[in-house]
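The structure that follows is given in the form of structure tokens.
The chains carry the letters A, B, C and D, assigned in the order they are written, with residues numbered from 1 in each.
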Amino acid sequence: AKPAPTPAPAEPAAPAEPAAPAAATEADCAKPEVICIGLVTDVGEVDDKSFNQASWEGVVAGGKEVDAIVNYVETKDAKDYVANMQLFLDKGYDILVTVGFALGDATVEAAKANPDVKFIGVDQFQGEVVPNLAGLIFDEAKSGFLAGVLAGKLTKTKVVAAVLGTDLVPPVVNFNRGYVAGAKWVDPEINVISTYHPGGMDVAFTDPDWGATTARQAIGQKADVVFGAGGKTGNGALIEAASNEGLYCIGVDTDQWETVPEAHKCLVSSATKAISPSIVDLIKMAKDGSFPGGNYIGSSALAPFHDFEAIITQEIKDALDEGLKAYDANAITLPEK
Amino acid sequence: MEQKTPSKNNWLMTIWRTIRVPLLAILSALLVGAVILLVSGADPLKAYAALFKGAFGNANYLKRTLEKTTPLIFAGLSVTFAFKAGLFNIGAQGQLLMGAITAGFLGFAIKGLPPVLHIVLALLGGCAAGAFYGLIPGLLRSYSGAHEVITTIMLNYIAINLTDYLADGPWKDRSGTNVIARLPLIEDSARIPFFGPVPVGFIIAILIAFIIWYMLERTNFGFEINSVGLNSHASRYAGMKTKLLMTSALVVAGLLAGFGGSVETLGVVGRFQPGFNAGLGFDGITVALLGRSNPFGVILSSLLLGAMKGGANVMQFDAKVPHEIIDVIQSMMLFFVTADLVIRKLFRIIKDTGGEVTLTAGWGQK
Amino acid sequence: MTVGVMNNGKIRRRPAWASPLIFGVIVIAVAVFSFMKNPSVTEAVMSAMIRFAVPLMLGALCGIYCERAGIVNIGIEGQMLLSAFTAYMTNVWTGNLILALLAGALTGALLGYFLAVISIKLKLNQIIGGTVINILAIGITGFFYQVGMTTKGKFGPIRLGPLAKIPLVGPVLFNNPPITYIAFLMVIISHIIFFHTRWGLRTRAVGEHPRAADTLGIDVFKTRYLNTIIGGALAGLAGAFLTLEGVGTFERNMTNGRGFIALAVMIFGKWNPIGSALAALLFGLANALQTQLQFMGINIPHQFIGMIPYALTIVVVSGFIGRSRPPAAEGTPYEKE
Amino acid sequence: MKTTTDTPVLETKDITKTFPGTLANSKVSIRLEQGEVLALLGENGAGKTTLMNIIYGLYDQDSGEIFLNGEPYNIRNPHDAIAAGIGMVHQHFMLVPVFTVLENIMLGAEVMKGPFLNKTQARQEILELSNRYGLEVDPDAVVEDLPVGIQQRVEILKALFRDVKILILDEPTAVLTPQEIQELFQIMRHLTESGVSIVFITHKLKEVLEIADRIVIMRRGEVVGEANPRQVSEHDLANLMVGREVSLVVDKSEAAPKGVQFEVKDLVVKDPMKGLAVNHVSFAVRAGEVLGIAGVQGNGQTELAEAMTGLRKHEGGTVWISGMETPQANPRALVEHGMAHIPEDRHKHGLILQYPLTDNFVLCTYYKEPYSKHGVRNKKAILTTAEELIKRFDVRTPSAFISAGDLSGGNQQKVIVARELSRDVSVVIANQPTRGLDVGSIEYIHKTLIRLRDEGAAVLVISSELDEIMSLSDRIAVMYRGEIVDVVDAKQTTREELGLLMAGSKS
């Protein structure tokens, strides 16, 4: 049911393609000429249509570029982060990607203990520079802001909604702060109604029914753009919006046109952070020796408009450009939460 | 209630008699798992070898297995103790969280204590928090009649919210490097150490299991708890304070779960972090049932579950088997271990006389 | 023959649905009031209440069928999850929503049969039986679920002609997708079955005092089997609701504890269909309200708002409904010598 | 009323049934003729109920056959039995406590109107039945709210509601008043006249002689004899049953009462359904005397007993033991004050059925030395006591580790009596102490109560059994509608006087 942990084409969740480069196997990872890249997920599955999956896709694509053997371990219990990294380290892997802020401490420690191995920590802000550890972080508020501007431009009712995962982790909060700021930047009169999932970490991202019902509740009070930002919970909100006529919805993290086809009817764009491409870049840098320690800021932007290209008028595009300029010029103040 | 078998012949034989059915059950569950693995195209032998290696293969693996076993024992004991009083404690999860966060708070907030004292203090705090969290449904059950199944489920959700709030609010780690909701690391003086590869927390858990067994089997308090669980009217007739007993059963249950949470924080995680204790309370129910509401049974079943949890990632890594299969095997184990009848039929073992176990029948006592 | 007997023992008993009904009346009063002030918000909250309530209602009904016949079912969660999965898969393969609905109900029924065999034939502990179902469902769905499958759609609302035009009530009650109607219908039908038909009388007798029922020639085993299977089918509908009506797609673990809440709802409603339906609605309302409070930007940590439904339930259960008494023979296998 | 035909309506041949550790029926053969009342006598645990349960399809026999009207008939379950026209009133009520009388009666024989229950018509039919037989009940009362006597009526109505050809009555009279018993006999005669055959089980020999056409006696699972009620005496029957000489009268010396040892002052118990269940009751029992409380079931005896023994809160009044006021609703304190209590409902209050006998024997004293020390139980001491009590009170059990629930009802009662009366007690409250017991056991319990009296205890016996009250008591208080209407001297009163008092007509 999972993408095979061997080199695979960069399509999402495609089945295994056993052709390993140069007939090298995992047993050869300890050899210097064989590059092996391992990925440790945060609690959850590698095909979660969210950051675990995006990271894995980056690893697969990057592995292809540098001719590497790739493999993953899914974390089932948050207490296994270290143990799961150790699985790769014992085998002599060269590059380790760990996904999620929660793995931050464990990754720093492992990086310090294994200076020869390159570590990429997705969503992990680095307080100090460890040369062989790149913390891949994003300015979520930026793409959130653009999503807000887009929503503000599209809304006719002056009510836009956000259905969010938990506020226990910063990325989700930052997306929302940007979103609120963006909509208000277009028109301060716009009412942004946003909700975080009330459950804990273990359910906040995996509750599509809550997401759908909450989106519906927002739509019922005239919201006509729904920003779904919270893993599968957010996806539920997108799909709910898609089942109504004349509504727009905005996805998150990756271009959700690819991951949530059920939402095509409303999905104008997604507030993305470029996890996969950044990982590919970092992998390439690791290979050619230019690996950057410390924080590495990946790009965050709006995804393509796909079928909605026609609706996005030049005026809206101009507004997006202008907003981006204002944002980059630090002219935008973000709300607290 | 333990059943007496007067004949004290060969104790080896006796041990074999008691464990052969569970052993065969585990075997059957593994067989079913093997079939599923085969069907899905994986090599069951390789998978199981990896599972075993991941659970016991080296000191590190063993250590992790024991770490995973420890909270299960506590949660299992918690559920068991309430069962004995005829109460179904679905609230172990919440009690565990309350214990974990309290111990985590005491672990970082108090500075400069000598190690043993700090550990004891943090443990006591965690136990008290868990006990308090058991007291609420206990009092509600005894004095307002609110059913403990509802109140403990609700209290679980409240505990999640409350600990999330604390971890993201007043008690959040505000150091520059931290961005997420969690408490600061506990002081070194509050860390529960290891005894070789064996976590001291595990040793404590075994000790507590023994104490609970002794309490239930040998003390008046245990007798009263059992009596209330079986017939509260007769217990009242016999002069027992049934409401107080039901309340204290949930308090003890809460204390045990809180203890488990504290040991987890102080011995394994090192801080309180939302999501790190997910599902332990429900595993406690599984463990209690699998261990047939007997404290020693709870130890064994926790070890079994702990080993499966411990070995799962190696199995996934080495044998390329999705770890969901572990859930399937686990449920089959639960099924076969309790389905004596099936096993006995399958392997043609005649029923031992006696040895009937009392588990809870329904939503606690009527 | 009545010498000296003081009373033939008639005491006023409050019906099981009485206290939830009081709440119902209060809720309606508040709803009407707020409707006059803010129609669209009130409508949205009420609709969300119903949506939250439907799976709980069906799950609780499942519990009632099983437990009224003397079988404890804590496997509702697992029944819902697996049924949600099969309903979804059927929808993916056939694109036929009706077939998918049937597949969901059938899966639930099969798991009900499984629970019945465990508890009636094998005489195992029923709580274990339920736990087996719960874990098994997580394992199987996780194992077989594949990302990337899409469905052609989900059930949309059916307007019930002129009824749907009544202000507030119309859009909330008479403009819903089919499973919602089925749920409400099943509540009423079940109430009639339990309290006005032969089958119901016998079922209740079997759950209270199987030996007494047996002495009157009632087939205890058959009664238990059938009720557990019917209950399972209802849990299956609850699961199908999630994938065919609520969200439209499947995610691992998407039940997120709704099966357990359904149990609480069942106990709250004192094992009575109408009482439980009202309890489910109360629960749904609390959920919708906590979302609404966040929408309104109430400035308190949302965790406290998130606690509201649960705290409210505790208050209600301990203060108002008093002791709920389960069917006396529940959980104990029936044995003939 | 025997109308002899060649073939008996019911016949069992060599029925054998064993339970783990017990041979409950051993090659039992009985015959039941058309229209007769066959009485089945036997001490507790003799196997009467087991045999009836086999006939009714509740148990499967290990071997042996059943014939109906001469034809072998395979009864696999009660459904078959009902189909064959067999009805049974069970020793332990087979009523659904939370159902109404109406629901209980129609269950399994529902009156329908289309797919729905027709409660109106069923109510009509039940009212007709109850008028015809004088079995007055409120069809809409919930059974668990009813006193046991009325529950028994419901059981009988249940049987009458389905037309039966063979009626099994397993100890139906244990909870009935003398008047109710007479009315039951009336019904039985009525039924036999219309051709119904009845198996009647009881421990009361008077009743057997009065109603039976034939008597079959069982002992330890076997049929040991048959008797003609017109040719035997109570005494003969008792001896046949128990297999030894039993004395049916309590032989007791003159009471030598001393000071007041137990006193109830102005006790008031409210009941949500009855109002004042106990209405300002006061009385005193002296050391060395037996005070009997007579009364028809349901006149507040249960509430009085529960309040006196701490099982229930009372709304007013006080209870004194040896001149000391006792605290409310605190059974433990009463035990400490020297009270022994034989409760009315042995399954609810008296025993923890899942516990072995050992634990049941120390249920009220487990916390005392030598059974426990510093809160730790001493299982050896408990076992020693249990084995001693089993011997002393002749409890029929294979071992002290058997669960109480596996004993026959009579033996369960003995366990309670042994536990309560083996303590050092100054006050004994015995509520229906011999209900359902065989004559041998009754003799033993009566003797023990008198012995305790003679040793200086204040003994209070509550019983709806007039014979028991009259033969045990030194003084008799009669309860009616929550009040004590009179206290009479046992030696001077008559059954008739008591009967009138119990019926509420003050002399």
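Here is the rule we go by: contacts are C-beta pairs under 8 Å (C-beta built on N, C-alpha and C of every residue); 3 or more make two chains touch, one makes a residue touch a chain.
As the structure is a prediction and not an experimental result, all values here were calculated from the model.
Trainee: Comparing the two chain pairs, does C-D have more C-beta contacts than A-B, or is it the other way round?
Mentor: C-D
Trainee: With chain centres set to the mean of the C-alpha atoms, which chain is at the far end from chain C?
Mentor: D
Trainee: Determine the centre-to-centre distance between chain A and chain B, using the mean Cα coordinates as centres, and give it in whole Å.
Mentor: Result: the chain centres lie 35 Å from each other.
Trainee: Between chain A and chain D, what's the gap in Å when you average each chain's C-alpha atoms?
Mentor: That gives a centre separation of 75 Å.
Trainee: Need the CA-centroid distance for the pair chain B / chain D, whole Å please.
Mentor: 46
Trainee: Which residues does chain A have that touch at least 2 chains other than itself?
Mentor: Each of 1, 167, 198-199 in chain A touches at least two other chains.
Trainee: Where in chain B do residues touch two or more of the other chains?
Mentor: Within chain B, residues 157, 161, 164, 168, 322, 324 contact more than one other chain.
Trainee: Quick check: what residues of chain D touch more than one other chain, meaning two or more?
Mentor: Within chain D, no residue contacts more than one other chain.
Trainee: Pairs of chains that touch, anyone?
Mentor: A-B, A-C, B-C, B-D, C-D
Trainee: Enumerate the contact residues on chain B facing chain A in the complex.
Mentor: 60, 64, 67-68, 157, 160-161, 163-164, 167-168, 175-177, 179-181, 268-269, 273-276, 278-279, 309, 312-314, 316-317, 320, 322-324
Trainee: Under the stated contact criterion, what part of chain C meets chain D in this complex?
Mentor: Against chain D, chain C makes touches at 1-11, 13, 192, 196-198, 201-202, 204-205, 208-209, 211-219, 325, 328, 336-337.
Trainee: Spell out the residues on chain C that touch chain B in their complex, using ranges where they run on.
Mentor: Checking each residue of chain C against chain B gives 67, 72, 118, 122-128, 131-136, 138-140, 142-143, 260-261, 263-264, 267-268, 301, 303-304, 306-307, 309-311, 313-314, 317-319, 322-326, 328, 330-332.
Trainee: Any idea which chain A residues touch chain C in the complex?
Mentor: The touching residues are 1, 12-13, 45, 47, 49, 53, 161, 167, 193-196, 198-199, 203, 206-214, 216-222, 232, 235-236, 239-240, 243, 261-262.
Trainee: What part of chain D is in contact with chain C in the complex they form?
Mentor: 19, 53, 56, 58-60, 77-79, 81-83, 88, 90, 94-99, 103, 106-110, 112, 115-117, 134-138, 140-142, 145-147, 149-150, 153, 158, 177, 179-180, 183, 272-274, 277, 295-300, 480-482, 502-504
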